[in-house]
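Multiple structures are listed underneath, in structure tokens.
Below, chain A partners chain B and then partners chain C, in two separate complexes.
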Partner chain A sequence: MNWTKKDLLEIKKLTKEEILLILETAESFKEISLREIKKVPTLRGKTIITLFYEPSTRTRTSFEIAAKRLSADTINISANTSSYVKGETLKDTGKNLESMKPDVIVIRHSMPGAPHMLARTLKSSIINAGDGAHEHPTQALLDLFTIKEKKGRIDGLKVAIIGDIIHSRVARSNIFALKQFNTEVVCCGPATMIPPHMEKLGVKVEYDINKAVIDADVIMMLRIQKERGGVSYIPSIREYACLYGLKKTHLEKAKKDVIVMHPGPMNRGIEISDEVADGEYSVILDQVENGVAVRMAILYLLTGREQ
Partner chain B sequence: MKILIKKGRVIDPKNNTDDILDIYINGAVIEKIGKNIKEKGDEDAIINASGHIVAPGFIDIHTHLREPGYEYKETIKTGTLAAAKGGFTSVVCMANTDPVNDNKSVTEFILKKARMEGSCRVFPCGAITKGLKGEELSEIGEMFDAGIVAISDDGKTVKHSGLLRKALEYSKIFNIPVISHCEDTDLSQGFVNEGMASLLSGLDAVPSIAEELIVQRDIMIAEYVKAYIHLTHISTAGSVEIVALTKKRYSNISCDTCPHYFTLTEEATLNFDTNTKVNPPLRSEKDVEVIKEGLKNGTIDIISTDHAPHDLTSKDVEFNLASSGISGLETALGLSLKLVHDGVLSLSELIKKFTVNPARLLKLPYGELGEGKTADLIVFNPDMEWIVDKNLFLSKGKNTPFHGWRLKGKNLLTIVDGRIVYREGTI
Partner chain C sequence: MKKRVFLDKKAIDRTLTRITHEILEKNEGCDNLCLIGIRTRGVYLAKRIQEKIKKIEKKELPVGILDITMYRDDLSKIKLPVVKKTDISFDINNKIVILIDDVMHTGRTTRAAIDALMDLGRPQKIQLAVLVDRGNRELPIHPDYAGIFYTIDKGEEILVKLKEVDGKDEVIIVGTQ
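Our next item is the complex of A and B:
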């Protein structure tokens, strides 16, 4: 199949075939980063802008490296250095950037739907690099890629997503992605951090982490989204760490070959203990490595789409 | 001016009229209603209403005309033009202008402007509290003398229960309704319905109980002090149930809903179209069904528009930042007639919710057709299909989620005080 979409805004609008196409394309790109000369001319002459209204280390760097390894030109804009602080609307910023003819704009924003607004307005391809608590599609895709790489399959797996679910775009995107496959997804966290009607997404809800991890093939930990008010949903960070922090003892209840994932940034000692984060089951740094390959694939597919 | 309207199907729920009749208007008054009124030859206009409905002019109890202060969103002139086009001969304008209509100078200004530039009648609604701040009562008595017909802090709930109690008690002096916007802001820190909309979009949520708690509280206080309470733009199944229960024991209560609450569900918000951002938010399918049921069984007395015009910039931003509201005067009739086409309401029942019931709430001498009565009436076709084009709105507010929709039913002629203020080319 061929890629036809102009933008990558949300996982829930992707078909299973589109997800698989991205994963397959990423597989072929992964090797480039292992070469001595980590560059191919595939996107030479393409211009990619990253427009970040929220802080980011991993995602922004990952996109930039992905673009550069494909020989695209990249420009990074962050909110505190943009005209945003001078009162320019997002739409105007987008239109102004488009006048300089970028091929792709990668946007991260604290408000859900901000990338959709740009996508409706601009001819450039828009990639959602996280919009508030809505979606973070490239994170879910790199998570799927990592699961497939480590487990050899996605179908038939039990995945426990644990933490501040209500504020998590990573949880949402991963749920939409995993439910395209034959998976069992358990969402676990304090009741205040599980949105009402969660089960309607086809997931199980579990308040007890000890039960959530039973027979899990994959455990995905999330941090408390302090920037979205997450802290007010719990009595204290200390209590949260006691009740929902992932410790080595939890892993004994999971499958023997369980993998532990985290989209980062980690808060060690809160949602994840050092021994788990750095332990043999952790694939957290593999996720980061795979992020580059997945983003290379997405940039490649979007810029080379059939018009 | 003398106008003869011939052969229309005259529906006047107040007087139980539903017949093919002629209406002769002389000056501001309906002089005669009857079969085959003969032309006298001195008529300024003869309208052939054959195949159309002739009804009392609609009364919108919930409109935002934005003047004074937000003339870039709407003016009394453009808002009343939109009203006339939509089939409304009277509108109640809410107090959240700048300055707020919390004193008689603003009330007088609005009424003066309306007399000079208005295409329909304008009845100001005064603020319950000064500056809509919820801290102290406005000078309701002075505003009443100047011409307000109700009080409301619309856009906000009077959070302080003690102050609301005083407002309800005070309203009894003037026999005007308190119109309540029901929203517990401690619970409603969001933008879309809590349910599938918030779950799928990640947008902050407004749960149904944010509305229902205040509906219940306001009813309890009103009942306690034996005052009249009107709950505006109710949107949830729970609110309908609470009102239905209350009505069994307490009669000084009424409520309204708006076309978008029985036309759209929360699903419409999923593409982040800011035109679907309203307060209260669009609700679930179940809520929409119960709202329709409430309209059918009479729990919901009135359909209002909550006409909330906005400039482009207020809507052309991120969903969180966008202003709430729909420019609703010009689509209300077409959207509401779907209730008739779908068999939820009869034509007469629908017209009642736009005429008799609002007139009764506000004690206005309009909303009916009768010999000797004021000539406020409309001629509409309930079956004529048309496509909503926001660019053709007379309102300055082009913010509608119904752009491009095919609606069945259209207003063709509006007469206010015996004057033709709107007329489609086809009639």
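Our next item is the complex of A and C:
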């Protein structure tokens, strides 16, 4: 199995083999972060730009650390300190950046398809680090990696994804990724936060969290996407916290060895209680740790692909 | 395509026995030694040498696995290799590391392996053991222990096959002539 794609734009376009190649490669890279000297020379001389039009703590840091541990050079650009505020279009920004010969541009944008447009325009490899409510492929891949690491398999698992599904690029990418395997995916949230015709993606829809978590191997919690107007889809945040916040009592209905995931940032006391977020079933910080290994693997595969 | 068996199962075993004795002789026993095999076939040779040392010295040396892909100097020129795991579960600081590979050719794999080891710690010494030295070096690197030396002719290829990977132990020379 060889990697041939120039860009990583969406999980939907990946084959199962490609997903497995990324996960297998990430396994080999994970060990580097545990060393005393956390650096290998693999991507020496490669330049990687992170171009973020939306706020980020984890994803951006994770990409930068991944690139630096592989000896690539990284440059970070945030929209509010770039020429975007002077009115430059994304296409022009992209073309100007390309003139400086970066090998990879990692982009996050509130507009779905923005990374795709850059990918068509530029010769550099483009990685989608989240485009609006569309996809967040690297998050789904690190989630899959964490599930595989904790459960030893992906096939045969029941995964409950709970929260603001309609606005969640994490949910969308995870559904596409999980459905490449033999999994049962249940999406749960208030009716207003579940997109119509969800079932067509091969998932089950449940409006009661108490039913969604029954026999779950994995529970994935999502925050309300306030920046995409999520709050106006529910009567009140307090009511949402009561009805859809994950509490310890819910875990008793799930499998004994259930794991609780959250892509971050968490809103404690709303979609997840402190005792669950910090409890023994939580793998939330493992997800962050694995994110670096998965992004190292993706950078390695994209920059070394057959041309 | 002509094929000639250069070493058979017994000959490989005898050669490894000699290398083992040379390692023990040069280091005056096996105190402070550890074995690290370069993926893929070096790992199995390392395990065989570990067994032989166990028989002779009654001591079990640690064996580590080194994948040199991340340290290759030709990543931008070749078809992207799959990165496999490096698995060295012991401390190599101040140890004498016996680095083991099946075939030594240009010396570039050894260079990558030395760099990889240096990132993992500061061994007291690194010594190199190979089953086959086929000459044609491109770097000033030389093995401390070599099973056989054979400079191949143009169009020839020397292949090490091991039971654990290839189902059979043999060193063969294939070529058009």
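To be clear about the criterion, the second predicted complex is superposed on the first by the 307 of 307 C-alpha atoms of A that agree within 3 Å, B and C clash if a C-alpha of one lies under 4 Å from a C-alpha of the other, contacts with A are read in each partner's own complex, and residues count from 1 in each chain.
FYI, contacts are C-beta pairs under 8 Å (C-beta built on N, C-alpha and C of every residue); 3 or more make two chains touch, one makes a residue touch a chain.
A quick note: this is a predicted structure, and the numbers were derived from the prediction, not measured.
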> Clash or fit: chain B and chain C on chain A?
Replying inline: fit
> Once the two complexes are overlaid, how big is the angle at chain A between chain B and chain C (Cα centres, nearest 10°)?
Replying inline: 130
> In the superposed arrangement, does A:Cys188 touch chain B (first), chain C (second), both or neither?
Replying inline: neither
>> After the superposition on A, what does A:Ala129 contact: first (chain B), second (chain C), both or neither?
In response: neither
>> For A:Ala114, using the defined touch cut-off, is the partner it touches chain B, chain C, both, or neither? Pick first, second, both or neither.
In response: first
>> Is A:Ala140 touching anything from chain B or chain C once the two structures are fitted on A? First, second, both or neither.
In response: neither
> Between chain B (first) and chain C (second), which does A:Tyr300 come into contact with in this model arrangement: first, second, both, or neither?
Replying inline: second
>> Taking the superposition on A as described, I'd like to know which of chain B and chain C A:Thr89 touches: first, second, both or neither.
In response: first
> In Å, how small is the closest CA gap from chain B to chain C once the two complexes are overlaid?
Replying inline: 29
>> Quick check on the output: what are the common chain A residues between the chain B footprint and the chain C footprint?
In response: none
> For the complex, which residues does chain B have touching chain A?
Replying inline: 194-196, 198-203, 205, 207, 271-272, 313, 316-321
>> Considering only the defined contacts, which chain C positions touch chain A in the complex?
In response: 67, 69-71, 75-76, 79-80, 82-87, 115-116, 119-121
> Considering the complex alone, what residue numbers of chain A touch chain C?
Replying inline: 1-3, 21, 24-25, 27-29, 31-32, 35-37, 39-42, 70, 297, 300-301, 304-306
>> Under the definition above, what is the set of chain A residues touching chain B in their complex?
In response: 12, 89-91, 109, 111-114, 116-117, 131-135, 169, 172, 195-198, 200-201
